[in-house]
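Paired with chain B in one complex and with chain C in the other, chain A is shared by the two complexes that follow.
So, the complex of A and B:
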């Protein structure tokens, strides 16, 4: 069956094409510009670079400790994800499985955090971290990030635990396994798909967060990748090539990881939005 | 199976501690100190509702920030969600390449918002930016416009950086559309429904609660928006593009006017609760059709 070329299909093509252009265009332009010289960047935005030598990348790496930013981002994102998954899954398990007085109250209390625009808590969190002497440490960001994902993780995990048949745990109890062992050796492995969804979302939140990183840290030795960009715009104001190279080094890994893991990431995002 | 209470408590405690540290105590501080004059250097006086009265009668910046925030919430809830939904309906026909398109539309959403801000700062740069070069190329004349810092274009340029990037809405709506059982659609087709009727009268009502979720996601994202403004216009020129989170940041971190900043925090929280509650009502999110 050959489709006819109708006005409708042409319009649809243009409509979808426009959004492709504004989505990919700027990214491709950034990557292309990272190989151009300053002069080439200023003279023609669309011309291809005259050479593909990574001059800008060398300059960017010399001018800013991008490696350190990467290291910090990885440490903070991984630790906050582990912390979030372990701490929230334990609570979600109790809230999903065990009836006790105050259960509903705790669920309601914790779900309150979903309604709060986090910017509103900026100043108290800054004061608390100052009081705990955690200002300008990775620990501060790890704690804040683990909490940012708390409501989403809680609802994802709780509904996942509710879907696991009770019989398996009961069998474990009969075999003499205690409460803690049952959770960590039976329930936790069974809930892996649900936990993975929460972990992916938590990792993305931590990896991309900017505002708390900006206010809670000040030294390059503990700052994360999103802040590196803040640093570039002022540092590299006259070396456009290096700035574009730095930008590319920040965006390209995210895009590649997304392209590779897109099925899992996409379904996690949908689950997180719908259930969370 | 009866589990000892202390074991349950031990499992709940870490989560509750984290919640208390990052949400509950800060929340108490925000509400409590919004009634105080609290500034750097130990100034701490109870002033009742003065912060609130000041904000709404005597602070044009607050009014601008509030107005912009509301405008952006409304635009994001309607135009942003609308565009994403239309694109999702188009992709749901599963024409050739629909998965590739879905991936491409998500790119700007998977890149960190901070990176996106710096990218847009370059794209709209007056000297070498993509947009000015594009216009110059087409018209043949040298086109110079400082998009982010020109009175006439700053607001719309900042808005551009989130309004048209609907990847998140697309994947949520698309997932809901693809989950509609085929027999429902088949029944409608047998009854003689055209493709348009199918979309508007069958599919759209069926994904009502999903659309509600999308509107909540979009609206509340505008109550959080910070980095895309901070990294581009910083709220300027003048106060043209300031919003509540940015003003709150400036008040607490630059002016060290903590009580006043926390008053804004209360306004933001109240705005968040009202937004979510009204969208819930509007889309009858708690009722199911099935």
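So, the complex of A and C:
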């Protein structure tokens, strides 16, 4: 049976098409441009490339140590995400479930750190890392990134834990489960959508962070991908082809992570929407 | 879930350990890092961050010089090179290092003036001046790197800048030669417009380099203006010359340039010139190699490009802020100076001219192995009636930053030229 074309369905199609175009369009443009020469990009930004040979990718890999940066970005982003989720979820659980003197104050204090501009943290953190002898190590970036995402994760996890029925934990306690067992076997799995949302935000923060990576490291062997993009535009020269190729390589993991966890995020957003 | 959690924790621990051990790893091999490899145990290590990486025109020259220094001083001096891509990133990192009193042994911010803001942590090089060091640059170049009779920088290059124009587009508009006065310049802009050609490449981002070269060249079109453009750290921009020049820049933004000038950076301005969308761009001879790069321009583009001095016989023709030294002890100061003497030797400067088109700080260096436009620019520099320094070397760093904020407002008519001058004066007053 043929579906009847109504004004509503046409409008819906146009509306969805518009959002697909503005979401996917720039991404496709970047990927397409990574196969064009500088001249082709400058002369006609929307034309198809004359060749699909990966010349830009080869140039990008030659110009900047992208392989090393890639490895570091993966290690740093994954570890800081795991660290953030594990540590902050435990803190958030306690703050969500246990009423004690100073609970609200601690929540406010930790949330307030969201308001501190990152630029003002550069110098103090540089000093701290120097004192800890962690300068120029991946550990420094892991710790800083895990801490930078703390307020957002705490806020998310705490509100998610508050939405989980308390009765489930009470049942676990009655069955003889201890505090840790209750948290790790009952609450943690139930909070998976919320934790996934926090994890993806944390991963993206770590993956894209630039300033701390620049300031806290000096060896190419420990640096991360966002620094690589500056290798293709300098004060008086530029190579757009290599830059777009590098950009494609940089954004790909973010898209994959988002695509893989998309269902969890959507579910978490919806769950959050009906919580009091 | 328990398994998953255990797996995550294990992963975190393993990766943390891998991350903690990162410092012991040998750095990945990149051209600029070569010196940090295989240092001899007794070698003195000096640190030097470079912005000449990736697509920079200086990358190859720098890699070549470091390799040569390494070969000559193996086992004696080891230069630990840090790659910082992007000039603004470089300056930002130096600011943080300065704040924590941990500046590297040597650094060069590509012409940005960090002497005045970091002077207290820089080594006064005056006692170390010997004939060898002095001979590496002209007096003019040493002067730019000096404050109150003390030398704080080792010059590397001279700053000789005019503007480039497209001879074909000029011919289409019936223009025979570059203008000699600013009135004539604007008449030529009108002719180009009438011929359907956008006259000027301009920008506002990153201190609006291309635009600011035009601005300052206009300021210098009088004795008072020339003096202003040779004054270090000016505080008052409320001068008739500056306000008039700002008014002309406003006119240029509104009438004679491309729509992407507001918000655009150097690469937008350059791209418009390369694609023959515009007829004129202000910039230095380091740009010349791009005129021959067929990945960037059409075949034969270079033959269409001429060089000109600014109306009124004005040229940027001065020294440039060079390498600053911030070593903490005598041993490192000596090692750093040995490194800088090598990097600025006659051979290094000749190679720099040939490989990058940058003008050597030392007098009398020339080469037949350079593109014709580079020699043309040098000749124009020698013939200039008025020689000035550039704004990045002269003005306070925060004034240079302020330009990018104020240009879009000026371009869109949200502020007057007088307000533009006042905004820069206010920024300078904060120092």
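Heads up, the rule we're going with is that the second predicted complex is superposed on the first by the 179 of 276 C-alpha atoms of A that agree within 3 Å, B and C clash if a C-alpha of one lies under 4 Å from a C-alpha of the other, contacts with A are read in each partner's own complex, and residues count from 1 in each chain.
Quick note on the criterion: a residue touches a chain if its C-beta (ideal position, glycine included) is under 8 Å from a C-beta of that chain, and two chains touch if they have at least 3 such contacts.
Being a predicted model, the structure only gives us computed values, none of them experimental.
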{"item": "Chain A residues touched by each partner, larger count belonging to chain B or chain C", "value": "B"}
{"item": "Partner chain in contact with A:161 - chain B first, chain C second, else both or neither", "value": "neither"}
{"item": "Chain B versus chain C as contact partner of A:215, first or second or both or neither", "value": "both"}
{"item": "Which superposed partner A:137 touches (first chain B, second chain C, both, neither)", "value": "second"}
{"item": "Partner chain(s) touched by A:64 [first = chain B, second = chain C, both, neither]", "value": "second"}
{"item": "Partner chain in contact with A:126 - chain B first, chain C second, else both or neither", "value": "both"}
{"item": "Partner chain(s) touched by A:93 [first = chain B, second = chain C, both, neither]", "value": "first"}
{"item": "Partner chain in contact with A:79 - chain B first, chain C second, else both or neither", "value": "second"}
{"item": "Partner chain(s) touched by A:29 [first = chain B, second = chain C, both, neither]", "value": "first"}
{"item": "Touching partner for A:231 - first (chain B), second (chain C), both, neither", "value": "second"}
{"item": "Contacts on chain A seen with chain B and repeated with chain C across the two complexes", "value": "42, 86, 122-123, 126-127, 211, 214-215, 227, 230, 232-233"}
{"item": "Complex contact set, residues of chain A against chain C", "value": "37-39, 42-43, 63-65, 67-68, 72, 75-76, 78-79, 82-83, 85-86, 122-123, 126-127, 130, 136-139, 142, 184-185, 188-189, 211, 214-215, 218-222, 227-228, 230-239, 241-242"}
{"item": "Chain A - residues contacting chain B, complex", "value": "12, 15-16, 19-20, 22-27, 29-30, 33, 41-42, 44-46, 86-88, 90-91, 93-95, 98, 100, 106, 109-110, 112-113, 115-128, 143-144, 146-148, 150, 154, 169-170, 173, 179-180, 183, 204, 207-208, 210-211, 214-215, 225-227, 229-230, 232-233, 240, 243-244, 247, 250-251, 254-255, 258-259, 262, 265-267, 269-270, 273-274"}
{"item": "Residues on chain C engaged by chain A in the complex (per definition of touch)", "value": "1-2, 5, 8-9, 11-12, 15-16, 18-20, 22-23, 25-28, 30, 33, 36, 47, 49, 51-57, 82-87, 89, 92-93, 96, 99-100, 102, 110, 206, 209, 266-267, 270-271, 274-275, 283-284, 286-287, 290, 294-298"}
{"item": "Footprint of chain A on chain B - complex, ascending", "value": "1, 3-5, 7-8, 11-12, 14-16, 18-19, 21-27, 29-30, 87, 90, 101-108, 110-115, 117-123, 127-130, 133-134, 137, 164-168, 171-172, 175, 210, 213-214, 217, 220, 223-224, 226-227, 230-231, 244-245, 248-249, 252-253, 258, 261-262, 264-266, 268-269, 271-273, 276"}
